[in-house]
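Encoded as structure tokens, the structure appears first; notes follow it.
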Amino acid sequence: MKLFEHEAKTILAGYAIPVPKGALATSPGQAKKLASQLRPPFAVKAQVLIAGRGKAGGIQFAHTLDEAENATKKILNMEIRGLKVHKVLIEEKVQVRKELYFGITTDRSRRCYVALASASGGVDVEEIAYTTPRKMIKTLIDPTIGFRGYHAREMASKIGYSGKLMLKLAAIYEKLFKFAMENDVELVEMNPIVETSDGTFVAADARIIIDDSALYRHPQYSQRLISDQKTELTLQEIKARKAGLAYVELEGNIGIMGNGAGLVMATLDAVQLYNGSPANFLDVGGGASESQIDAALAILLADDKSSAILINILGGITRCDEVARGILATRNKVGFTKPIVIRLVGTNEDEGRRILAEAGIHVLDSMEEAAKKAVELSRG
Amino acid sequence: MGIIVGKETRVVVQGITGTQGSFHTRLMLDYGTSIVAGVTPGKGGTEVHNVPVYDTVKEAILRHDVNASIIFVPQPFAAEAALESIEAGIRTVAIITEHIPLRDTIDVLTHAKRKGATIIGPNTPGIITPGECKLGIMPSHVFRHGTVGIASRSGTLTYEIAVELTKYGFGQSTCVGLGGDPMVGLSFVDVLKMFSKDSQTRAVVLIGEIGGIAEEQAAEYIATKEFSKHVVAFVAGRTAPSGKRMGHAGAIVIGRAGTAKSKIEAFKAAGIGVAAKVSDVRKLLAGGIQEG
Amino acid sequence: MKLFEHEAKTILAGYAIPVPKGALATSPGQAKKLASQLRPPFAVKAQVLIAGRGKAGGIQFAHTLDEAENATKKILNMEIRGLKVHKVLIEEKVQVRKELYFGITTDRSRRCYVALASASGGVDVEEIAYTTPRKMIKTLIDPTIGFRGYHAREMASKIGYSGKLMLKLAAIYEKLFKFAMENDVELVEMNPIVETSDGTFVAADARIIIDDSALYRHPQYSQRLISDQKTELTLQEIKARKAGLAYVELEGNIGIMGNGAGLVMATLDAVQLYNGSPANFLDVGGGASESQIDAALAILLADDKSSAILINILGGITRCDEVARGILATRNKVGFTKPIVIRLVGTNEDEGRRILAEAGIHVLDSMEEAAKKAVELSRG
Amino acid sequence: MGIIVGKETRVVVQGITGTQGSFHTRLMLDYGTSIVAGVTPGKGGTEVHNVPVYDTVKEAILRHDVNASIIFVPQPFAAEAALESIEAGIRTVAIITEHIPLRDTIDVLTHAKRKGATIIGPNTPGIITPGECKLGIMPSHVFRHGTVGIASRSGTLTYEIAVELTKYGFGQSTCVGLGGDPMVGLSFVDVLKMFSKDSQTRAVVLIGEIGGIAEEQAAEYIATKEFSKHVVAFVAGRTAPSGKRMGHAGAIVIGRAGTAKSKIEAFKAAGIGVAAKVSDVRKLLAGGIQEG
């Protein structure tokens, strides 16, 4: 689960990590008023849960209160990669001597947390990590030892600091690790963390992703997980999550559901292979009940941009008769408002097919055949 | 033969009294798996399908000869259940439970490594050596005894492919579900090393998906270590957008990392046939086996 | 550092460990008033930092408010092994089905924390541990794994519980471990932890010793470490601790100071070997300064029960000239109010001896000779 | 020869720029100890007595051949300093700092065991192999090269006894201060095992004190493992009351456990001579060596 920049900064400040002085505004007037409490120049920053806002104009600088008001007005009228901006963070602009990077995330292959530091921070850090990985200093973290002062100092030293500045920077690294462990982060990064012209360090931008699997022990985050507008999820995605379904919205016009993440991904791939375009990814999971199938299908039917639906079930723990009954339940309630292709094999297949056949619904055997058919139907 | 589990596997089921635990205990027993004990704290002294239940793994081990564990314990307690088995000296632990916090998984895998235990999962359908032992929740009927080893990051997709393979006469040596969580106990490379030593296995199918670099590492291993058995790969998620989890916590493209494209290219560069669709897997397999 | 029973129980309650309902009283009237909020019968318990209060009459039971008042009066007039009782804890008496023991402490040989459980708790548990150690269930705790739910359940099961009661008891064990780690305990024990007649568990008595070396990270405890009456220390001991000296009060009549714990213990032993009786143990530590020596000697001179003083210094890091100057400083300020025997060898020995010789103070070479001389002088 | 430290010992001093660290670095250098580097975070690039100072142990190791560390770091950071050396692969670490929290000591000792490092202390005067290497803060002049090994829980008392031994011609092979904290890296048994293999050591003096069971374990080890060298014991604290810490955090009688009486009886039962007073140590030693 992603946190907004302003949330991230508030949390880091709670761990005594220096962040720029600032406040959150939802209107130009409020921004102006808040700016009057700050020392110019100001930075006005769109609060969106998406990367690339800088390039999209979502960060602007202002020297006067009026400029801050105007910048806020512009940004609040903006859509960044399709997302409306509801809030801006207005801050004292940091006086940069040097932009650095520091982050903590997991290393899937080494099966541990890893700390990453770089002497060059900012927008291109992912590019640097990808193209010249040796510029990224990496420390694997043994969970039985943790990330200690000496690990932090070693990293701060390797990116070129010594003396008091090295100690200051290392102390911030250590605090970030403490935060990361106490909050089960999947990723936390200060990018950039800035060395200011007066020799201090400030987390000028911060990004936090909390491990979704650990949200149950962090009620302060989990309570907002499925509240509208507070997360990166679309309304459809929130609806699906509330129903316990894994759902991702896509751009195409064929609604797709199936059981099992890999199978659904493969179904999407098959649709594309036959030159179709998936409208979504919807995994009902293992052993879905009639009502879950019903809920899932209802979500697909409600998606305006799709012109056909493909259901791909390979029954293992999932029982085909439950699936059949779920499909009928939806039809009885809302009707089939668009063409639906169903592939249904596996556990209790005969019973499932019988139920659907009695209702006049035809069922296919092969996933590839079904994908081909769905692509045809989506063309109308 | 096959790898990790076989006729000699004797299982304790952790969380045996729960709905899933009890249901799959019956299915595993039906398949012929030796389930010798179950554990549910507070339910010691009872029985599930004639399997005696204990309060702790240590007690189960004290009374029975156990060498594997399968975990159906709910998410908040699953990692601790794995530690319990690891500390008790069990060398094979399959964690069916999904969505285990990363920190807990790291703990489990760290201690497993120290004690030399093999962890399958979390978020795995388990492992099956057809005809010998099923330590998992996969539908048994799709598998047949044979010579193809399967390692997969996905459950249902594995069944889909196994159905095809079985139908066209490619039985399996062992099928391992690595698990859909971002961090799991076994990598493709780990499993390839085991298949390499297994005389029953003559070819291997790797079922990958987006996220991480396990497929790229497998491709590199096969290319540089001269893995001598025939390998076919399938990668799900060609159409997945960046930054979205596709059902599995581990199935996510981050920036430019973890794409299906990168994985497919890595496999191809290593000379491995990559199936564009499910039905291609058996075709590539047939080609390779004829060649080999 | 020892905590009072009432403090221990308040802290454990904060970790959701069940303790009897009760309150702290400093007068019989207050005790009666507090008892009226509780359900009889009551237990009235002297709050002293010393074992064996039960046998000394420091725990009494009462059925009525008047009885509670009377019991309090009796206990507050009591001295337990020389310690005046200032406070009583008045509690609802626990309905005992079974008294158990559970504690967490360190195992010096195995170099780890250890959890101890026994099916028989109460006053004789130390005796049991000493004479029939196999009745004590012991779990060594790997610090990289901790004391987990399954460790707790294993112990609760081994002392004879199963089913829901086992789970309840194990949950309390787990909580106690959490408390132990978060508070750096040297020892925490619930003795007894009681299985009540209605099938719950209650920590009927609790003892906590915090690791003195870790107090710096627990300001909630350290601030009271050297406050009067709040600890097990005597006033002399508090004075010494404030001066940074290791001091233990004893019963004899020869005041003893030296540098190094082992050396001072050996000096005490030598005094006893020559049939003398040490009044105290005072270690000035390594590299003591003039002012520390001065402070130490002043404490010894102020001890009314001693009739002679023995100073035993073997200079290593400690410099004999500093010691000599410290001794003179004390003499100049308060005078030598009792005979003092000084043994002074080692680093800067010549200078130290010269300083003292000029002041007319004689110094000995041998520790044993000095001990013998001090014993003679103590007899007047 | 001697044990643990010798001519081949090359030392990094952690906390070298502090008052104690700097002072004892000079004394160790004067004694002839090879001090090749120092570490103080934030002071990298400076020098102390011509010894180069680094920010981290890893950097010191990268530039110098180091195999031992001595720690003068203040209490709140001392345990972490020890972990730093252990993780960097240093095999001998002397922790001079006292009053390290028990939890931190346990952490340090657990990781030291895993990495095969020997920890001396905490709260130790260190270790000296006279004539070869002093890794500690003991006054050098009281020691002479010879054949008596000393293991002691007390600093000044060791000097007291060493003065006597040296005066009467009993030079020492190695003198180890185990440390006065309740939990320390080396036990008497550990050191006896090393002395047993050391050809230079012909007799051993054990200087114990109240608290714990290290002396009892040593007595048992000597009795049952047939430790073949002559042993003399001294136990401080016969007059110590129960429940009071006698200067050292580890010197405490709890209930009936850890008394001098118990230790003396154990030694005597194992046939070991116990000195009633300091001057008896050399007498017992002389008797044993004449006998032996």
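Letters A, B, C and D mark the chains in the order given here, with residues in each chain numbered from 1 onward.
The definition used in the following text is that a contact is a pair of C-beta atoms (placed from the backbone, for glycine too) under 8 Å apart; a residue touches a chain by one contact, two chains touch by 3 or more.
Computed from a prediction, not measured in an experiment: that's the story for all the values here.
**Student:** Which neighbours does chain A have in common with chain C?
**Tutor:** The common neighbours are B, D.
**Student:** Considering A-D alongside A-B, which chain pair is linked by more C-beta pairs in contact?
**Tutor:** Of the two interfaces, A-B and A-D, more C-beta pairs touch across A-B.
**Student:** Centroid of chain A to centroid of chain B, CA atoms only: how many Å?
**Tutor:** Comparing mean C-alpha positions, chain B is 27 Å from chain A.
**Student:** As a quick test, compute the distance in whole Å between the mean CA positions of chain B and chain D.
**Tutor:** Whole-Å distance between the two chain centres: 51.
**Student:** Calculate how many whole Å lie between the centre of chain B and the centre of chain C, each centre taken as the average of the chain's C-alpha atoms.
**Tutor:** Going by mean C-alpha positions, chain B sits 55 Å from chain C.
**Student:** Residues of chain A touching 2+ other chains?
**Tutor:** As it turns out, chain A has residues touching two or more other chains at 144.
**Student:** Can you list the residues of chain B that touch 2 or more other chains?
**Tutor:** none
**Student:** Provide the residue numbers of chain C that touch chain B in the complex, in ascending order.
**Tutor:** Chain C reaches chain B through residues 144-145, 148-150, 153-154, 157, 162-164, 166-167, 170.
**Student:** Going by the contact rule set out above, which residues of chain A touch chain B in the complex?
**Tutor:** 51, 106, 108-109, 111-113, 126, 130, 142-144, 181, 184, 186, 211-214, 216-217, 246, 248, 250, 258-266, 268-273, 278, 281, 283, 285-286, 314-317, 345-347, 366-368
**Student:** Looking at the complex, which residues from chain D come into contact with chain A?
**Tutor:** So the residues of chain D in touch with chain A come to 41-45, 55-59, 77, 80-81, 83-84, 87, 111.
**Student:** Can you check the complex and tell me which residues of chain B touch chain A?
**Tutor:** Residues of chain B touching chain A: 75-76, 99-107, 109-110, 125, 137-139, 142, 152-160, 163, 180-183, 187, 207, 209-214, 217, 234, 236-241, 243-251, 255-257, 260, 276-279.
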